[in-house]
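Please read through the structure below; I'll follow up with questions.
By written order: A, B, C and D. Residues from 1 in each chain.
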């Protein structure tokens, strides 16, 4: 039974087609990564699932109980961390629920500070906690770690993977990073020219060891599908010839 | 070694010597030690990467090498000459492109020449530098019209137009999306191979360091000391899935105290 | 938790170390910013004592203090202060309520913008001081005219800043509210209003400066109480010391309100503090 | 803004759809204007105000132009679209004139000295035109001298305060001290210091304009992202270059905020300065006419003032948009 079903979904902005006839079933409890180049329409797809954008055509079946974490944590800077997490919740125990969620993301100690004092990784954890307290069925991640440094990113991937295992959500993650996609997802959807180019299954369950030898060829294949050859394999093609360069960049003084 | 030969073939690159450099900042009355007795010799034309945890003082070392600050102790030498002030022979490229938003791409690149009064004679160099990063068509665009990758390319062109002998790179690709980052790494590598500057790269990304550098220096937590030095004796181009590199990567991550396994 | 070295870098890479920083170990450190003020006072005393200009044109600080004592002793100054402050408070409160209301209306609703924005933009183009004759026609020459003149002066900047503040709140934050199906009233109060607050407070500071200008203006018209009245009297009888006293009082009141708004900003915008420091 | 775009869009749509059709709003507007003209000539004034014929002629001509436009506007392209966009305003204006005319001159509902019919205002321009023109010139001279000298000094002081820690150390407390003093409060004191009231008035206007510019320029310069200086220094920039090519352009957005504040303050102070000591000028004229209950003259002057102020504000906006074009997208 699919949790999210997209049928013939199209979207155009001012006559320019961004998505064309996208069909996609996302099974309950699965972790799907959507990869694509800039402008491939992957963020638009996520925004349509989240209900932030209306499709120009097609049907979408989804659940009400969904939460989104964006690339920027998008915390309200004038509310404390715990108030951000419980923002919009009803009920007496909202503060306790929020504190529990902060414990889960490992930031209980920062409950009462202002968001602007947090590092990028911490802010992203708070944003995850804010999603957690809504007890979602579906978690949408829009390049959640794109702005983090490489080491923090590894930590955050581990956290998201563990939370996914613990809560049994359906997760849809949009990312640029094929390594991230193969580390975490069950299936990787390659988006290009507004349509699904290919769906690549990933064996095992995430979060996986990034040095797992099975992952490198997968990542390589995804990169080729995205039109980026393996780093280092590509021959260096510069339009300027070395001789011209040498003359043009001769010492000035 | 091949590298030494290359260095001979590159008379326009310089060496950088860091001798017993320590540095600290005053922070609200407290002294915050950042660097502790750093000893490092970078050969002409070499590509060295600095790896370390957040806030470990890697960027500080680059600021010292650029001459933006003077170390509290120790000395930094460029080709044997002490570094005391910023000089266009050493250019620092920041994590943010820090383009001047009120100047067009062309004028951003021209800044260094203009500041030194060389612009009138060397206008073509600006065009050449833009061609080098394949942004000729964007010469009249303003920075806010550029994507992150394009802006970082402009920042690199702005550095290269001055014919730097030492390029200091402070996480130059840290804020780019990963696909753009891969192609920018390739471009940087090819520029280094063709232009022949000495490069010192600060990065968080172990893979990036291993793919690009001849030598990887690992810093400890603050105050930073050098805890490991790894020579990467592989010719370029390198493959990401090269088993030796994968093994090195695991070792480096372990040194940094981060387990990639779950 | 490690300290963000970037923040340290910025803090320590000041171009020139500020002299205040050098004296930071000194016991007198908190008073050093006032050194230049002290210097001005000394210069003032020296010039007036030197007799270069003459007490008619420039009374010494002591003359001004004496005038203050004289007017306090006969009760005129306290009464005037009460009258002036009451005017400013009433006018500012009125202008604040109207300006804030109009700004929020125009900021939240398109319809509100259409109704409110055009007339207020027109009002903005008229120097409010020039409206004095009209206000006299409409409200007479009593307190009502003075209060409403101040209110109009205050209203325009508050309105402009509230409106711009609401409209400039990052739409990405509003989007968060939409995704999590937060009720409209919470989006209005917790996202749009709080997000506009920095801008509103800027408007308030600007407005208070205007309020004092408006007060001075309105008190030149048929006043029999207030600091402006003392000023007018002093001018008529060429009591230069009292004229200067009134200027000093206006200055102190202006500084006081500026200080109060700063305190208010410090409280309400505490969340920005860490950010501004970077 | 979006409203404008939408309205423009729908206007264009309407005109494209009915190239041959007439512009109805234009006809209604013409009707209202024509009615005003007829009422003005046909009915007698309760008390004569003068220039009724001229006003009727103007509104009548307006009605004629609107009628012609109603049939030709679809052929005027871009300009036509703008005219169609303002169509409702033409109607509103016509009705407003009509009501105004009837309620004041024709029926005398609103009392005579305080409320003037539109042709009463027109009469002011006709009768007192030359004097008003002189007043406008005097006001503009006073404002221009005061404002520009004020912002020039304020800008230079602001750059120095923002750039040099030493200047900041000594200067900022002084600025903080005199900044909040209402500029009008200085007026009595300045009369002692300056030889002429004119010089005193210029000083007051300059002060009111200079202080916000100085404060905001200083905060602009000191809040320039330090990374810009670092970049420029590594590229070989000296201090001169840093000030003129980095600090000043980077702080321009702040400077413009200061300029807008300066404009607002300077207008307010200008009027007061003219009311107190001047021999000519719009503020003086208002004061003078008020004393003789010449309220039509007061209104007429207010209209001139708001047109001048709106024009200057507009000019400043244009200047800002040109100079800060690079900022688009950041805002």
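The criterion applied here is as follows: contacts are C-beta pairs under 8 Å (C-beta built on N, C-alpha and C of every residue); 3 or more make two chains touch, one makes a residue touch a chain.
Remember, it's a predicted structure, so these values are computed and weren't measured experimentally.
With steps allowed only between chains in touch, the distance from chain B over to chain D comes to 1. Common partners of chain A and chain D, by the touch rule above, are B, C. Summarising the inter-chain layout, the chain whose CA centre lies farthest from the centre of chain B is D.
The chain pair C-D and the chain pair A-C differ in C-beta contact count, and the higher one is C-D. If you average the Cα atoms of chain C and of chain D, the two centres end up 23 Å apart. The distance from the centre of chain A to the centre of chain C, with each centre set as the mean of the Cα atoms, comes to 47 Å.
Averaged C-alpha coordinates put the centre of chain A at 29 Å from the centre of chain B.
Residue positions 4, 13 of chain C each touch two or more of the other chains. Chain A has residues 119 in contact with two or more other chains.
Across the assembly, chain B contributes residues 54, 63, 68, 116, 162 that each touch 2 or more other chains. Residues 10, 13-20, 33-37, 40, 56-58, 110, 113-114, 122, 124-134, 136-137, 153, 157, 206, 209-210, 212-217, 220, 231, 234-235, 240, 243-244, 246-247, 250-251, 254-255, 257-258 of chain C are the ones that touch chain D when the two sit in their complex. In the complex of the two chains, the chain B residues touching chain A come out as 12, 53-54, 113, 116, 118, 122, 124-125, 128-129, 131-132, 134, 147, 160-163, 171, 174-175, 177-180, 182-183, 185-186, 189-190, 193-195, 203-208, 211, 236-241, 243, 246, 249-250, 256, 258, 260-262.
Those residues of chain B that touch chain D in the complex are listed here as 63, 66-68, 86-88, 90-92, 94, 96, 98, 100-103, 111-112, 114-116, 142-145, 158, 162. Of all residues in chain D, those touching chain B in their complex are 225, 227-228, 230-238, 241, 245-246, 249-250, 252, 324-330.
Touching chain A in their complex are the following residues of chain C: 4, 172-173, 175-183, 186, 190-191, 194-195, 197, 269-275.
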